[in-house]
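A, B, C, D and E label the chains in the order they appear, each numbered from 1.
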Amino acid sequence: MAGSDAAGAFRLPLRLLSILGFLALWALAAVLADRAEVPGPLEVLDFLTREAADGQLFYHLAITLARVAAAFLIAMFIGTAVGVMMGQHRRLDRLLDPWVILMLNLPALVVIVLCYIWIGLTEAAAVTAVALNKIPNVVVTLREGAKALDPRLMEMAQVFRFSRLRLLRHVILPQLFPFIAAAGRSGLALIWKIVLVVELLGRSNGVGFQIHLYFQLFDVAAILGYALAFVCVMLCIEYIVVQPLETHLNRWRPGAASRAA
Amino acid sequence: MRHPGQLDVRIDSKIFRSADGAATQVLCGLGFTLSPGSFTCLIGPSGCGKTTTLRIVLGLDRDFAGKVTLSPPGLRMAAVFQEPRLLPWRTVEQNVRLALPPEEQGPGAAPDLDALFAVLGLKDLRARYPDELSVGLARRVALARAFAVMPDLLLLDEPFVSLDEHIADRLRHHLLQLWQARAATVLMVTHNVREAARLADRLLLLNGRPARLVGDVAVPVARAARGSEALGRFLDDLTREFPETVLA
Amino acid sequence: ASAAGTLRVAVLKFGTVNWELSTIRRHGMDAQHGFTLDVLEMAGDQATKVALQAGEVDMIVSDWLWVSRQRAEGRRYTFVPFSSALGSLMVPADSPIHGLADLKGRKIAVAGGPLDKSWLLLRGVTERHHGFDPAVESEPVFGAPPLLTQKAEQGEVDAVLNYWHYSARLEAKGFRRIIGANEAAMALGADGPISAIGYVFDEDWAAGDIATVRGFFAASRDAKELLRSSDAEWEALREMTGAKDDATLVALREGFREGIPARPLREEMVDTAKVYDLLAELGGDKLVGGSKTMAPGTFWPVPANGY
Amino acid sequence: MAGSDAAGAFRLPLRLLSILGFLALWALAAVLADRAEVPGPLEVLDFLTREAADGQLFYHLAITLARVAAAFLIAMFIGTAVGVMMGQHRRLDRLLDPWVILMLNLPALVVIVLCYIWIGLTEAAAVTAVALNKIPNVVVTLREGAKALDPRLMEMAQVFRFSRLRLLRHVILPQLFPFIAAAGRSGLALIWKIVLVVELLGRSNGVGFQIHLYFQLFDVAAILGYALAFVCVMLCIEYIVVQPLETHLNRWRPGAASRAA
Amino acid sequence: MRHPGQLDVRIDSKIFRSADGAATQVLCGLGFTLSPGSFTCLIGPSGCGKTTTLRIVLGLDRDFAGKVTLSPPGLRMAAVFQEPRLLPWRTVEQNVRLALPPEEQGPGAAPDLDALFAVLGLKDLRARYPDELSVGLARRVALARAFAVMPDLLLLDEPFVSLDEHIADRLRHHLLQLWQARAATVLMVTHNVREAARLADRLLLLNGRPARLVGDVAVPVARAARGSEALGRFLDDLTREFPETVLA
């Protein structure tokens, strides 16, 4: 596309602009509302610096991130494996399908409480509960991906006797990539939301624990502070890890070269 | 040195069921044997079932009545599909290397592909992705992939369309060389009867609905004499004998 | 704000406050006192706070700490005691724990989180009388109250500090009470039991419809009186309490009756202020939001009506 | 595939088998555990029949379903539109990207509380809060779909001067279908989970309201009863509406005819 | 009756940037004008830039130095791409109808496609989905789609490959009929020089890297005489004059 080169140069400014625009809108809304339940960005920043100064912020953030990371890896791994198998084998799909729908629609609360009751009030129970909540989502997304696999490429691989590993790495995974990206990105967000509930119900630290503590006091600035601190971490992960990786993995698409500049 | 295989094909019936529920019989009572090291061309009108036959031979379609035997099993096989079927997310060179048999995958074991790429005019394009190639170039990569395997059994589905005559001639020549050097068994589909007569030992003519074998003709011209008048005469005879199937 | 004569209250559907409100409605006490009671039943404590702040109801039930904090931030909420039943620390019948001193190194489940009043008072009294802080030398586990009750029954924790009605249920199952939060408060200098929770509303709204508000508190007093004296009333409430057996119902009934505020408001205010200072010390800014003493006006000066 | 015809006949039995297997496993677990907080299927069924008899079950189920449906339609519609636009226009993508990540990672709690405070404790606020929670997930999934659109078909449509509507209906939507299916299926589940929280925080009816009430009483049979009642509704929707629709929309895939039988 | 357009093409330079960062100039100083109602063939070796030229003419690629003008604007345009580019989720008939201009979309306005489908041998396949077609059949559907539009300007990229000679001849004949009936301007890419000489008024020969116009030859044989010896002589001359580009 003409002009796409120029767009590359605008990337950071556009993003910055977008973030600044958000902050400006928020500040304006806070000034207009003029109520304690609607704190402005400065109040939230103020809270965050205080909380960061006494180390609380990083302590809880780190713990929550560790839980999110563990549950994410487990859920993506198991979910992708099961989803691809179900997408490829119709019998298995029919057999497991009701279970997936059940797990998908079981309220987080139920799964979490059952995990805490059965496994105990432990870290393992917390991570298991979160992973169990997320796995069916990954399964459902990756199953669609596996169903949309190009049979022509699969046939090619069969004729040239690709080993299982080669088939997976060079034929299947690249085709699943958009689905993995979708499942991963919305998955990270979902997991973090469930971690909040898990921490509320049975953990003694973490961002979710803090948010609920402040929710009892109805301290909106503190709630927003912790929420946005996590959002910032996610923004960093997105821009420092995910998007460069995505650009690299998509470099074969025509026009990718000029776009990535 | 491994030995190329003998291929027995017997397709009693192949029926496709399309989305509107209609069932169409495409192939009926098709039987032939390819002896080791032979070069056979399959000719027939568009849509008659040539690709279907190749897919059955390749083991990609098992939903048919009949039997395909390839002995001994474990032969090296390669195919050039009617469309290039390259992995869009792998470069030209990766596409070729990934198709090599496992024992040639390692960095030390990998064959030198320079000569092959040179013949195919792909030397400067090794690092390109398939979507950056013209259709003719993509087709050449698909040919390179099949040639690089050095197969015992090679199936080609209209391999030389979308190429200009210069490069097509060079590639036909290369195919013959490979065939002779490996003593490979080759089955090739083409609409170009002249090409078929120049390359093959034997022509299988397919026609009808459902398609049957309407002709099984040995090419009576010695390979050395295939540039000559003799080939022209053979083609004229063929056209007369099978007016529905052949137009040379 | 609602039409004059109507009072909208948001409460937990299965909460203790709703026992009282449903008694008021069942006996038409609202009409007797010249107002209409409109109850919005919700599923969570926070939901009632959201409802009050969104202007959806006139009154909710919460605690004076929250009210004081809100007043310090400029919102004119005020508080009228509902019950002095505070949480208590429970252990299984066969537990080796017999006093606060035995808590050292034990796993204590704490409902409501590290800023919970009862927990802070328990920490204060243990520190003062036994020389250690359970937050440091025991192992507190925070979590959802029902789940913690469950964990105590399963024996996964050694002791559980929970709201009174959860404690009452445990008592019915043979658990022992080590200490109640009110005892702790008294051990720390309060003269008598102070209220835990109470009705919370905007004082400006109350001033605008004073007759209705007075009528409501009169009805509230009548309902409490009835629940104090009549066991039959509790049969009507049985389903609402979720009691699965008679022992539980009795424990809940006795707990409720014990918690009916009986002291003069003035004395209670003085004691509450004392406890507030204590909590401000123990809980820090996080709990009280920077105001070291209870905000003036936290208690609504109910014109002499018997509390 | 050989034998796929035969598989068609097994479809219902396989599924039934799967559901029966689940019930059997559950019953076994309940017997083994032999504790009140692990009720067996019969206890839950018992609760459900009682709750159904006095009309409670259907009342709360219907209300929750209405909320889920409204939020789902809004979220899918807006999310698809925004996601496709972002996937197709790089500038817009860069501009909106931080907002999407923000919305994606803002805890449900925060969004819900803010909606209730700003809009009021109304049905509209509840549905808005749920839709706001779900929209970014749809956006993220559909953006991947839009990025993976086949440029060759888009070019064909351009040459033959397809109108916008024709382009959308015949070229774009069919390609997005696997992504819409993934977003929709996991979306319905996500929405229902958020509706539970919304009902907890500011409604006086619905399944979420009931579940939290029973959670306070720690009545696991009741919690499971309400959760499973909803799961059953979802199973019905899946098997009566979604899967036949999917089969119809996928009828063009080779081999679909024999598989659908 | 609308009037076919005149097409002015001037491509000073077309550069592709591939994923490995390399920039390749594909076309350089290419300029030609197609007069209304003319039939021109574009010939050149595989990978030289023919498809790129068509894409620029079609307005699909705007990232080049130069200018393409088509007057008057708003002409009916149609193209046969090098691959069929059918919508896999629409039937054969839907694929053809969807490409019709808006004014012919309604049930009443829709032209009767029976004759066209009969010529192309697609009559029984209207309800089929593209993945159920052979490659040659899919190609015919793509041709049907372009023909059904009755375009003023028609661009074809190797339209008759993968077809047997019987059907290819029938389709060439149909193309000529359409061209004459509509007085359409046709630009066609082919590797088959014989085919080009039989169909076109004028041959544009492309070669080199970057590709330039190396020849611009009017076909000197009257259309009526194209079956004869005269065409053979013209082809021989052409091969002698442009040995790099033409091999007939």
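The rule is short, and it goes like this: a contact is a pair of C-beta atoms (placed from the backbone, for glycine too) under 8 Å apart; a residue touches a chain by one contact, two chains touch by 3 or more.
As the structure is a prediction and not an experimental result, all values here were calculated from the model.
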Chain located farthest away, centre of subunit B as origin (C-alpha): C
By number of C-beta contact pairs, the top two chains: A-D
CA centroid of subunit A to CA centroid of subunit D, Å: 17
Approximate Å spacing (C-alpha centroids) for the pair subunit C, subunit D: 39
Subunit A-subunit B separation of Cα centroids, rounded to whole Å: 48
Centre-of-Cα separation between subunit E and subunit B, whole angstrom: 28
Per-residue multi-chain contacts in subunit C, two or more chains: 46, 53, 144, 147, 150
Of all residues in subunit A, the ones touching two or more other chains: 37, 113, 117, 215, 251-252, 254
Multi-partner residues of subunit B (at least 2 other chains): 18-20, 83, 129, 132
Touching residues (chain side subunit A, partner subunit D) in the complex: 4, 7, 10-11, 14-15, 17-19, 22, 33, 37-38, 90-91, 94-99, 101-102, 104-110, 113, 117, 136-137, 140-141, 144-145, 147-148, 151, 178-179, 181-183, 185-186, 188-190, 192-193, 196, 208, 211, 215, 220, 223-224, 227, 230-231, 234-235, 238, 250, 254, 259
For the subunit D and subunit E complex, residues of the former touching the latter: 152-153, 155-156, 158-163, 166, 170-171, 174, 249, 251-254
Interfacial residue positions of subunit A with respect to subunit C in the complex: 36-37, 113, 116-117, 120-121, 200-204, 209, 212-213, 215-219
Contacting residues of subunit B [partner subunit E, same complex]: 16, 18-20, 22, 44-47, 51, 82-83, 121, 127-129, 132-137, 140, 158, 161-167, 169, 191, 193, 244, 247-248
Contact set on subunit E toward subunit D in their complex: 55, 58-60, 77-79, 81, 83, 85, 87-90, 94, 98-99, 101-102, 129-132, 145, 149
